[in-house]
Amino acid sequence: MRLPYLTPDDPRRAEVGIGFFGLPWDGATSNRPGARHGPRGLRDASTMIRAMNRATGQLPFEAAACADLGDVAMNPVDQDQAMGDAEAFVSKVLTQDIRPIMVGGDHLCTLAVLRALKAQRGAPFGLILLDSHTDLYPAYFGSETLTHGNPFRQAVIEELIDPKRSMMIGMRGTSYNNEDFEFGQAHGLKIVPIEACFERGFDAVMAEAREIVGDNPTYVSFDIDFIDPTYAPGTGTPEIGGPTSFQAVQCVRALQGLNIIGADLVEVSPPFDPSGGTSWVGASILFELLCAMLPK
Amino acid sequence: MRLPYLTPDDPRRAEVGIGFFGLPWDGATSNRPGARHGPRGLRDASTMIRAMNRATGQLPFEAAACADLGDVAMNPVDQDQAMGDAEAFVSKVLTQDIRPIMVGGDHLCTLAVLRALKAQRGAPFGLILLDSHTDLYPAYFGSETLTHGNPFRQAVIEELIDPKRSMMIGMRGTSYNNEDFEFGQAHGLKIVPIEACFERGFDAVMAEAREIVGDNPTYVSFDIDFIDPTYAPGTGTPEIGGPTSFQAVQCVRALQGLNIIGADLVEVSPPFDPSGGTSWVGASILFELLCAMLPK
Amino acid sequence: MRLPYLTPDDPRRAEVGIGFFGLPWDGATSNRPGARHGPRGLRDASTMIRAMNRATGQLPFEAAACADLGDVAMNPVDQDQAMGDAEAFVSKVLTQDIRPIMVGGDHLCTLAVLRALKAQRGAPFGLILLDSHTDLYPAYFGSETLTHGNPFRQAVIEELIDPKRSMMIGMRGTSYNNEDFEFGQAHGLKIVPIEACFERGFDAVMAEAREIVGDNPTYVSFDIDFIDPTYAPGTGTPEIGGPTSFQAVQCVRALQGLNIIGADLVEVSPPFDPSGGTSWVGASILFELLCAMLPK
Amino acid sequence: MRLPYLTPDDPRRAEVGIGFFGLPWDGATSNRPGARHGPRGLRDASTMIRAMNRATGQLPFEAAACADLGDVAMNPVDQDQAMGDAEAFVSKVLTQDIRPIMVGGDHLCTLAVLRALKAQRGAPFGLILLDSHTDLYPAYFGSETLTHGNPFRQAVIEELIDPKRSMMIGMRGTSYNNEDFEFGQAHGLKIVPIEACFERGFDAVMAEAREIVGDNPTYVSFDIDFIDPTYAPGTGTPEIGGPTSFQAVQCVRALQGLNIIGADLVEVSPPFDPSGGTSWVGASILFELLCAMLPK
Amino acid sequence: MRLPYLTPDDPRRAEVGIGFFGLPWDGATSNRPGARHGPRGLRDASTMIRAMNRATGQLPFEAAACADLGDVAMNPVDQDQAMGDAEAFVSKVLTQDIRPIMVGGDHLCTLAVLRALKAQRGAPFGLILLDSHTDLYPAYFGSETLTHGNPFRQAVIEELIDPKRSMMIGMRGTSYNNEDFEFGQAHGLKIVPIEACFERGFDAVMAEAREIVGDNPTYVSFDIDFIDPTYAPGTGTPEIGGPTSFQAVQCVRALQGLNIIGADLVEVSPPFDPSGGTSWVGASILFELLCAMLPK
Amino acid sequence: MRLPYLTPDDPRRAEVGIGFFGLPWDGATSNRPGARHGPRGLRDASTMIRAMNRATGQLPFEAAACADLGDVAMNPVDQDQAMGDAEAFVSKVLTQDIRPIMVGGDHLCTLAVLRALKAQRGAPFGLILLDSHTDLYPAYFGSETLTHGNPFRQAVIEELIDPKRSMMIGMRGTSYNNEDFEFGQAHGLKIVPIEACFERGFDAVMAEAREIVGDNPTYVSFDIDFIDPTYAPGTGTPEIGGPTSFQAVQCVRALQGLNIIGADLVEVSPPFDPSGGTSWVGASILFELLCAMLPK
């Protein structure tokens, strides 16, 4: 979005209200890797974003002091080191009083942001997840290591998020079993499969989401595979039968006015996006996320 | 779908309830060939299918004893030999009391399956076709040889299917003339163009389909070009303005509870699907076809 | 569409009712060029168009004497010469009493057609624009030279079109500012953003369009980026969140019966369309535009 | 090459010296079809060919009266009809005293040209084949039907070509067995594998070819898979380890001065050539073939 | 190559002489991942390999009892577990007296094979590496974890290979520093940069390699990025200026007659190989590696 | 290459020895545009360049103080304004005593650099051009406007370069006529077609180039279409039969020690380079150009 790039110690960070940064890491991907190149693809596509959100009338780059905080150099082969470095980076951003918008990377990257937010705030917060998967699965492959299928189970276990003030929207596709839904329900976490979205309409679903999180602090996580893979093929675990890009934009616009403490867009994988179309959809979603974090 | 592969004489075939097999042949294609590589593309994509159909709660691989029966080696340059070999293969499958799900190949491959089914049952049966074309055209190019535009005209003429218990859904695109519609109507075969689908809704159309076939034995044929080419570009004769993949899935789910004696998915053409997205849509449809053949 | 090719002085032009021609020029493109190859891509894809429009029952090539009038050789590096040559070509077509369907090229090419039409008719005429942008911007880059963001502002200033009998449909995406909307509104030109299209339905919007232009002479301009970029990725300035190809076809069919004096399809860019899918969508739209210009 | 298109009965054919035409047919392809779209791809790419062969100083379109004779409409599903129609077309071209350059299509198309040439001349003629396969295999798949692996075996059997005045250059890749080499050697046909080409140099090999055919009438057949698949990926049966495009051009230039009665370029398959690079290589080879048929 | 698939406990393994297996793992990749899909891509492409190596006259599937031993299920997010499972798999293969040909996966996978071989033999063995990198770097990213830049440094340290009986061929591209060359030279390991290969010729270089390893047991590792990226683009760390596929084949053929105890082909990355050309080159190299392990 | 980005007035420019900058403009392209995206593609690919040139032992980023000077914002629709802005930018760079390496953009961009150099130095200088075209054509399309086919004719006419101390290497492909060669020869400019390069060897040709320019000030222009289009497909006017990337690198290395006052790499066109391979080749060439401008 042609924003100024500010290194961690740049004094201009003091004036920044919302900061974008990249976590170029996909070491927790179970099947098709490549999301590590997501920040690059999204930065490139974002140069086609202009100043004004015509639908809402907002001029977000004026309304919020925005900046590009750069990427975290994450060790591609050492999960602990990578997650620790990411959390430290976000913690510094939070102490500078900047609201973070993280650009992934695979979905485990979100866990690093949630940990930093919890450490700063001391209390769990709400979550709105737009995704085709719950990412509430237990660890698999017979190992303790986390994957991009676990971040929100882990976030519930570590009490980073408050499941009763959280909602997951758009789930679909085949699954190994029902363990993730059962885990969510046992903790009072509301999950809305795609069939219910299409039946009730996305407006009604998002209205329920607004009600659940209320004016409590809320984190918004957007997995690009929420959108139908025809609209966003460049991702590792596509599931057919999702919303259009227009419906996805409407979902994000419905978040406006909530108390959003951070957000992310994850799982954009440029190697599976030769035309660049997914990066363009992703950059447009990032722009709407930014607008949703501002007053109307 | 990571199913066990059973050769024709494997004794374990005795326990199989539903069997997948490929007809890798496109010798009847009028314009853009490549569907001969469909079985390979679909098998490859199907490795991303997991055990559970979350929308219906089914675990189909447990519910039915499923197997991969392999591909028929079809002569790419001799239509009579190819069709005869395919029919013989299916006949053997039927004598083993296995319900067939055929993976094409072009749409003429369906004719071989229909012939084998008629030979076994002795009586014509119903047909539900999801397709953008009727495939009810007369032979063309001034030749007697069949093409992928003829199978269902031929099936009516050979009295394989009962046109009065059959329905064709999703027709659209330009046409040479109206001969196919007129042939269908003259035989009492119900044809629903895409405009009517969008106007009435797919639920209403599928309800009519259920009524027409009742609990009579019914064959289901799914041409991937039923789906809009944006969702499924990898096919030889795409027609714009079709349903989304979600709507297609809903159509297949509406078949549940019918008396389905066999099914197919045809016309997936990997050379026109460099991203593999069409194979992924096709594998998802095959999974739903399998579920639709089981009790809920 | 396998039409006969007639050079400018071919005597058979006397019998032609509607003529297609190409303006292979993109010298006014601000970001991603390539629309200069649009006529070639569309001609190639159009060979898959058959004789009959099944939805309307029309056989347009019989109903109108159609011809391919070829491409104008436009200087890729000299805007004035290119625009002048295009206008002269169209003027000759108009004196031969042929209704033009122009195949672009970028959107500035439309201005050459509008100038020729105005010169012939002496009076401004109505416009229906299907597009994701208004193309009502002032010249930018600090230069007087026109770009593909200016044609309709220029057409209003030159009094080629009558803004009060004109309508623009489908606008979306980010913008530099609101100057284009304000210019349009100041001249009484009705602009319908995409959000209003989805809320009111395309049928209602098109009904309003029919009312605004009435039976006055009307030009129809179709920018391929009107359609969602998932359906039509091969264009220079895609904006997510647009209509499906089915909805786009419905919009064109709603034009039937109007007094259409010319039409175009612009901004198809084959270098950004490796699969050829956009050219196929574009050729289908051209076929529907042709049908819309005929009596039902 | 922007040549005038002349229908079979156009009187201007009387002045034509060399004519290009397409055989858009791949019904004899054993593995990956698509060569039926070769003529379209090559015609499209040939628009980038300019007037002068700088290396030889020739202006071939001036030196020979060249024309585009169009494509033969070949039945994609009936080999006998297709081959018959092609042979009839070529026979008419030969009676008009035009030297043919055929653009395939798969390699069986060459057989139709050879049959027409033999019928006209009454005597067998020499052959120079540039290819990675000998195409001297017996019919396979347990059928009498010909495939693109048989044309030259058939041409020897039908005594169309004189094997003792023929040479095959560039053979490589794995094979089923040695039957083709043995058949060729038994008939006195010289076969030069690629290892010998690289060892001796293409100049030496081509000098031997010139010696073998002498000034006898000779047909030149160029299978695009002669060239390394990195340079020409768009073909059905690629074999790695072939010559560069420069070496291929040198081979064709070495033919200059021979008594060439016809030539072809076959097996370009646009579906496997998304970038169009193979068509561009093919068009350049066609230009060199044309130049080789002219006096220096 | 359409070989029979034998599970680890299949009794037919007793008759197998050479076995292929896949290590679908790329968890040590520093930049562009995707090699985990290599075994799938290579198996798919290998179906175009036929029975006979025409250049050498070998029929390798007859000469050696070959089998496909399947893939090892490797944990994508746990390097220790993945490497351990791979080593255990290879150890079992070795106890069954099968010579292994490993299909990667990234280059760290080779280390698992080398460890198993050393454990079985008790003594270090020679290595011939065809690659554009030495993979002799120290661990980086400030971590102890191994990457695909370290396997051979680690193999020297663990005394798996004997550097004095080893040779590395084809090195090129930019580097961080000279630490790898210096490490190799300090241990008496011969490294031949690409400039020397082109100057001396590959025949001379391979003759030196034969001399260095003599008739001692030798492992051959072929990184697909040895070949120029134009010939083999589907890899994670391409370096321009490499050999052609023909030169690469000649290098492998030059290994014939050596005492080869195992071999591999690594770093084929299908996501970066949309055309499948790299898999086809890789499958051809695997076929030549197999032939090189047989008596002439 | 991860270099620091310095705006025109950044005081650190005083220490810079060699500066890269982009001219993202292709408004003079005759056929396939897209080179305007070249600087972006090359910057992206250059992140894979590491610190050391292993073949020469150079560490160029240490040896010269290098910087990224950014891109010039060039008006895409106004040639005069675009060329003027580019020349002004370069003039400022020259007054800061920085040797320029320009990244195009189409080949007309070179003219702006040559004009600035001449204005600074007052005297014409030598030129070494590696290209498949001479770019010595007269203006065409019946217009005075310059195209990317004219820059060096114009440079001779404006006496920017001294033709007698200049050399052009690699010319091939078809041409309209011989006007460019004749113009060059008439001015004493040495032109070496590709056939002569392959016959004499690139080493001999480059030795002659060194002799012609001597130790006089010399500008080096590298058009990516010098390299064979198989190695570098992403360009607007490819000509088959060119050198490999290795040969191209050898040509650049042969320039070392000359008195190089500036250099460029032009005509990389990312829209025609979906795999990014051409950008990677281009970035490698830029690195070698940089090294060639340093002492050994």
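Read from first to last, the chains carry the letters A, B, C, D, E and F; within each, the first residue is number 1.
Definition applied: a residue touches a chain if its C-beta (ideal position, glycine included) is under 8 Å from a C-beta of that chain, and two chains touch if they have at least 3 such contacts.
All values derive from a computational prediction rather than experimental measurement.
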Neighbouring chains shared between chain B and chain F, ordered by label: A, C, D, E
Which of C-D and E-F has more C-beta contact pairs: E-F
Homomeric contact chain D-chain E: same or different residue positions, threshold half: different
CA centroid of chain B to CA centroid of chain C, Å: 39
Interchain centroid distance [CA atoms averaged], chain A/chain D, Å: 57
Residues of chain C touching at least two other chains: 230, 272, 274-275
Chain contact topology (line, ring, star, complete or other): other
Chain pairs in mutual contact under the definition given at the outset: A-B, A-C, A-E, A-F, B-C, B-D, B-E, C-D, C-F, D-E, D-F, E-F
Residue ranges of chain D touching chain C (in the complex, touch as defined): 40, 44, 274-275
Complex contacts: residues of chain A adjacent to chain E: 26-34, 36-37, 75-79, 81, 141-143, 145-147, 271-272, 274
Complex contacts: residues of chain F adjacent to chain E: 48-55, 230-231, 244-246, 249, 275, 277, 280-281, 284, 287
Footprint of chain E on chain D - complex, ascending: 31, 171-178, 181, 193-195, 198, 228-230, 233, 237-238, 240-242, 272, 274
